[in-house]
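Shared between the two complexes below is chain A, which has chain B as its partner in the first and chain C in the second.
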Partner chain A sequence: MIAFVLVSHSRAVAAGVREMALQMTGGVVPVIACGGMSDGGLGTDACVIADAIRSLAQNEGVLVLCDLGSAILSAEQALDFLEENEKSGVRIADAPFLEGAVLGAIQASAGSSLQEVFETAEGARDLRKLG
Partner chain B sequence: MIAFVLVSHSRAVAAGVREMALQMTGGVVPVIACGGMSDGGLGTDACVIADAIRSLAQNEGVLVLCDLGSAILSAEQALDFLEENEKSGVRIADAPFLEGAVLGAIQASAGSSLQEVFETAEGARDLRKLG
Partner chain C sequence: MNPVGAAEIRRLLDVVGTRIIESRDLLTDLDRTIGDGDHGVNMARGFAAVREKLAALPENTDIASLLKTAGMTLVSTVGGASGPLYGTAFIYAAQELAGAGEMSPELLSRAMRAAANGIVKRGRAGVGDKTMLDTVEPVAAFLESSDSGGSSPEERMRDVRRIARAGMESTVPMQARKGRASFLGERSIGHCDPGAMSSHIMIEAALDVLAASSGETRP
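Right, the complex of A and B next:
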């Protein structure tokens, strides 16, 4: 199963999107929310992201989703903290945060590969919500 | 000033994205978070959305952002609850939820028109976060 790390500047947003992804997949997809700073303020923390990725090492791959460009920078910094074997199955998606997490998790729940989940998450930018 | 209504299935997501939009615009843009059901569960409530739109009537326009397709349906239902004069300056954006809210609010904070803010929010789907 592919796992997810959700990197938002807001603790509430990361936790809330995690709750949505879990509910829409029956809780079968591992999702860790990395949101906000330790004082509860807005921001991202590369050390927290690196720890989250490490804790998901038993999965077939990890997809990292980020809410804004500076969250991507933190995720990239987190990868720099990891050993080669720890980050070989990790990818950062350049996707809409909420939509990429939800659609990606649904794809992952079907047992799809990291590449398939990555493409689904990035494809969420083409999602049209209006009928 | 253009105001925002953020419709998410998750109370935490709506509140967290509102906090991000306010922080990035110095709090000058009116933003109402409509997230979750009254019992705290995941869902959207058309009556709550309609009340939020009504309460923003003193602004030059209201942009509604929705997290998933069923949130769009609730927003459309909310518009059905409103009188013609109450909904004349209201538009629903088909945009990535978080990115559309943050970029739209930044555009609104510059005093832009509803059409400009709408286009910025919908244009957020083309946002590339990776450098």
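Right, the complex of A and C next:
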């Protein structure tokens, strides 16, 4: 199963998107929310993201989704912190945060590969909501 | 510049932290003008944490470990884009100094080059984008220019001071191309970039410590 790390500046946003992804997939997809700083303030922390990715190592792969700006910087820095063998099955998607997480998780719940899950998450960018 | 040991680097990081914390309101005001207004608070929080972490390290901690600890602490405490940017800069600089007991001018040059390259890699920014790189890159380039033109180490340090200030000031007429400020388009013109300012404050603080340790008086 492909697992997810959700990186948001806000603890509430990361937790809320995780809740939606879990609800849509019956809770079978591992999702870790990395939101906010340890003091509860807004921000992203590359060390926390790296630890989350490491803790998901027993899965077939990990897809990282980020909200805005420096969340991407922190996610990329987290990959820098990981050893080659720890990051071989990890990808950062350039996807809308909520839509990418929910659609990606649904794809993952079908037992899809990291590449398929990655493409679905990135494809969420083209999701139309009005007809 | 005389060779600089771990004790001087410790003092240097302490003074850098003090200056950043003292500059919190200045950085906040600059960032409020063209950003989201959190740079001063974020940086002050980060360097307050750096001071605590460094104070807890054993006295014989080497230069590379001091800088790496500073970088990792900034990553975990700053929160905004400057966390990964400055964190990467310090961590990459530390890698160049691994095992070194003293920081020679040659090592300082390599460390600054690594720091600037780290900022480029992490932020995908170039000179002229109105970022901290506009302060850091000219300093790195000057330090690695091997031809000192017959100038003394003290003169070179004064040149660094001038170049860092000029780099920071160069961001005023620029239009931002990175980060939140880029949304302002032409309205970002006419304001100093907060990251370029915090880099300038850090470099100036470092130069003051290095000048003091080599017996030079502060101009």
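Throughout what follows, the second predicted complex is superposed on the first by the 131 of 131 C-alpha atoms of A that agree within 3 Å, B and C clash if a C-alpha of one lies under 4 Å from a C-alpha of the other, contacts with A are read in each partner's own complex, and residues count from 1 in each chain.
Definition applied: a contact is a pair of C-beta atoms (placed from the backbone, for glycine too) under 8 Å apart; a residue touches a chain by one contact, two chains touch by 3 or more.
Keep in mind that what you see is a predicted model, and the values were worked out from it rather than measured.
When the two complexes are overlaid on their common chain A, residue A:22 makes contact with neither chain B nor chain C. Once the two complexes are laid over each other on the shared chain, residue contacts for A:43 go to chain C alone; chain B is not touched. Residue contacts after overlaying the shared chain place A:57 against neither chain B nor chain C. In the superposition on chain A, A:97 contacts chain B only, with no contact to chain C.
When the two structures are aligned on the shared chain, A:79 is found in touch with neither chain B nor chain C. Once the two complexes are laid over each other on the shared chain, residue contacts for A:128 go to chain B alone; chain C is not touched.
In the superposed model, A:12 lies in contact with chain B only, and not with chain C. In the superposition on chain A, A:69 makes contact with both chain B and chain C. Shared contact residues on chain A (touching chain B in one structure, chain C in the other): 9, 42, 69. Touching chain A in their complex are the following residues of chain C: 38, 42, 72, 75-81, 83-85, 87-88, 122-123, 179-180. Interface of chain B with chain A (complex): residues 8-17, 19-20, 23, 35, 42, 66-69, 71-72, 92, 94, 96-99, 102, 124-131.
Of all residues in chain A, only 9, 37-38, 41-48, 69-70, 73-74, 76-77, 80 touch chain C in the complex they form.
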